[in-house]
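The following pair of complexes shares a single chain, chain A, combined with chain B in the former and chain C in the latter.
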Partner chain A sequence: MLSELFFGYFAAVIILLSVLVITRRNPVHSVMWMLLFFFHIAGLYLFLNAEFIAAIQIIVYAGAILVLFLFVLLLLNLREELKVKRFIGTWPAGLFVTAALLVIVLSVVKSFVPGPAGKYSIEFIKQETHTKALGKLLYTDYLFPFEIASIVLLVAIIGAIVLAKRKTRSK
Partner chain B sequence: MSGTFEVITATDALNLLMRIGIILLKIAVVLGITLLHVAYATYWERKVIGHMQVRLGPIEVGWHGFLQPIADGVKLFFKEDIIPANADKPLFYLAPVIFMVSALTSLSVLPFFDGFVIADINIGLLFLFAMSSLGAYGIILSGWASNSKYSFLGGLRSASQVISYEIAMGLSLVGVMMMAGSLNLSDIVRAQHQYPAGMFAIPQFLGFFVFIVAAFAETNRLPFDLPEAESELVAGYFTEYSGFRFALFFLGEYTAMLIMSSIAALCFLGGWTIPKFITDAMPLLLNVPGIVWFLIKVYAFMFFYYWVRATLPRYRYDQLMAIGWKILIPLALFNIALTGLIKIWV
Partner chain C sequence: MVPLNWYLMLSAVVFMIGVFGFLTRRNIIIMFMSVELMLNAVNISLVAFSHYLQDMRGQILVIFIITVAAAEAAIGLAIIIALFRNKGTVHVDEMNEMKG
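What follows is the complex of A and B.
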């Protein structure tokens, strides 16, 4: 009962917050609602006994990415930004597509089957600690996907540096 | 059947209430003691820097100015609360609260002595990083919401500084995590006690150096106090704040310093323990409670903060960024690689 209550709270608040994020006129206020939103997502992870992911969620998303969002927003001229229309003209088409998607998702929800219980039960995670279990798995069984992800990130970093360097050279 | 069920829930509820009561009591004790420490940290700072500059420091209120922080607190509490006309009011109100809350929440995972910690969680160290990154919001928002160019520049500087040095600080502690094999702060202290040297500051001297520099930058202290550089930005991000809202920033900064000192004491200096070879030589010291050793280490680190402030000039902004990105981060990465190699070979 208590767990359903917790999940219900998090689910409801996450939906409410995401609506608040996209409807605020002031983008800085949007970012603040998004910060609260990230904390609720982290709460959901904690609820799933994934304490490491919860901490990383806060450190990476709230601590780094969202701060960079704020950084960009602070350089905008907000007085003009507040007058700009928030929704583009094709919003009915967008609404139609999302409504269709909702129908599809709802129609397949019935055929949802929970996967077989594996080795990583809650007791196992509690005994091993989540960080250790995740780290072992990531660096042994899933080493190859992990390395691919890091190469993709490296490409993005190099790309950003190349773009920034080219601009200064042409001046 | 229903009767036994009710009995169990009643005792369970009583247990739950007891546990909540104990936690609340712990929180009250920790908050009270920390805020007292924060108040007297300002007094000692003025005293120490005063004597370093051949002045006396506060001397009028009470014996040797001992009641000065209380007088300051009363004064700040009764000051007029001024809000700039064009400020973004909700965020202007929110910013100091975020700053203070993020600093105080960090206290919940610090083990002050063996077994005394409000929340003994497995990811204690990561929790501290998360809270310190939340503190950056207080600074950026106060800078933006004040609608003043001094505040804004201070906020921008602080944002980039905190993000840059957070990476170095995180990486400098990875060496400690690798040696202790845990992110739980109590386990890190116990791992140090098992270690022959008794503290990780000796094998992790590179990490310790990077951590100290990053800790100074994270708390916006000299020589990295560019976000609140008095000579160019009045007071930086909290220029427009007055009265108790200003006091919240002030308290938050000193709480953050105390927390950084505590992390240094716990992760590098052995926390509430002292090295085994000292207790072997002088077994009498085993009777000293752990909190004494912990506080001595924290006070020593705080004194170091004051000492540096009294001696070093401020860095230029480009120098600050160069130190963070070109020296500290590579050094911390080298330290991680070195620690890993030694752990494989030894």
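What follows is the complex of A and C.
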């Protein structure tokens, strides 16, 4: 009963916040609602016994990505953005497409059959601790994807510098 | 015990809100945030699967998704800054150089 209540609170607030994020006129307000949204997602992860994921959700998403968004917003001039209409003229078409997609996905969800359970039961994770279990798997079986992720981040660093750099005149 | 289907439904609803925002907003920053909403919706369902199937692989995938989201945000925001420097706006309807 209590767990359903908790889930209901988190689900309701997450849906409300995501609607608020996409409907605000001022992008700064959207970023602020997004911050609250990320914290609630992290709460949901804690609820699913994924402490490490909850921690990196807050550290990376709320701490790094949102701050980046906020910096860029403050670099841009948003004066005339506040005057134009929020949605495009044909937004009911978008709503229709989205609602149709939602109906399709929800009708598929009902017929989901779970596969066989793996070895990472709650007792196993409790004994091993979540971060250790995750780290062992990440640095053994998933070492190659991990290295690729580091290359992706390197590309992001170089790409961001190259793209945002002001063009020099002597070219 | 909350059933797995509830998480999947929540994830689907958040994903569709993100799709709606991406389709109907024309401010490029909000469109970007809609993409982040969609990525978070997928993360919810992956962590829920990982918990209910008692398998860690879903959470490994979430870590990689967060990595790629960070890279995507850095590159995308750099592109937005470059666009804003050239065009003076973040409204995507004004950007029609690629039309040919």
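Heads up, the rule we're going with is that the second predicted complex is superposed on the first by the 160 of 171 C-alpha atoms of A that agree within 3 Å, B and C clash if a C-alpha of one lies under 4 Å from a C-alpha of the other, contacts with A are read in each partner's own complex, and residues count from 1 in each chain.
In this text, contacts are C-beta pairs under 8 Å (C-beta built on N, C-alpha and C of every residue); 3 or more make two chains touch, one makes a residue touch a chain.
Owing to the predicted nature of the structure, the values given are computational and were not obtained by experimental measurement.
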item	value
Residue contacts with chain A in the superposition, chain B compared against chain C	C
Which of chain B and chain C A:Leu134 touches, first, second, both or neither	second
Contacts of A:Ile56 with chain B and chain C, given as first, second, both or neither	both
Touching partner for A:Met32 - first (chain B), second (chain C), both, neither	first
Chain B versus chain C as contact partner of A:Val67, first or second or both or neither	first
Where chain A meets both chain C and chain B, residue numbers	52, 56, 64, 68
In the complex, chain C residues that touch chain A	1-2, 4-10, 12-21, 23-27, 29-30, 32-34, 36-37, 40, 43-44, 47-48, 50-57, 59-60, 62-64, 66-75, 77-82, 84-85, 88-91
Complex contacts: residues of chain A adjacent to chain B	26, 28-29, 32, 35, 51-52, 54-56, 58-59, 62-64, 67-68, 70-71, 74, 129-131
Footprint of chain C on chain A - complex, ascending	3-4, 7, 11, 14-15, 18-19, 21-22, 24, 27, 30-31, 34, 37-38, 41, 44-45, 48-50, 52-53, 56-57, 60-61, 64-65, 68-69, 72-73, 75-78, 80-81, 84, 86-88, 91, 94-95, 97-99, 101-102, 105-106, 109-110, 112, 114-115, 117-122, 133-134, 137-138, 142, 145, 149, 152-153, 155-157, 159-164, 166
Residues of chain B defined as touching chain A within the complex	88, 90-91, 94, 121-123, 126-127, 129-130, 133-134, 136-137, 140-141, 144, 152, 155-156, 159-160, 163, 166, 170, 182-183
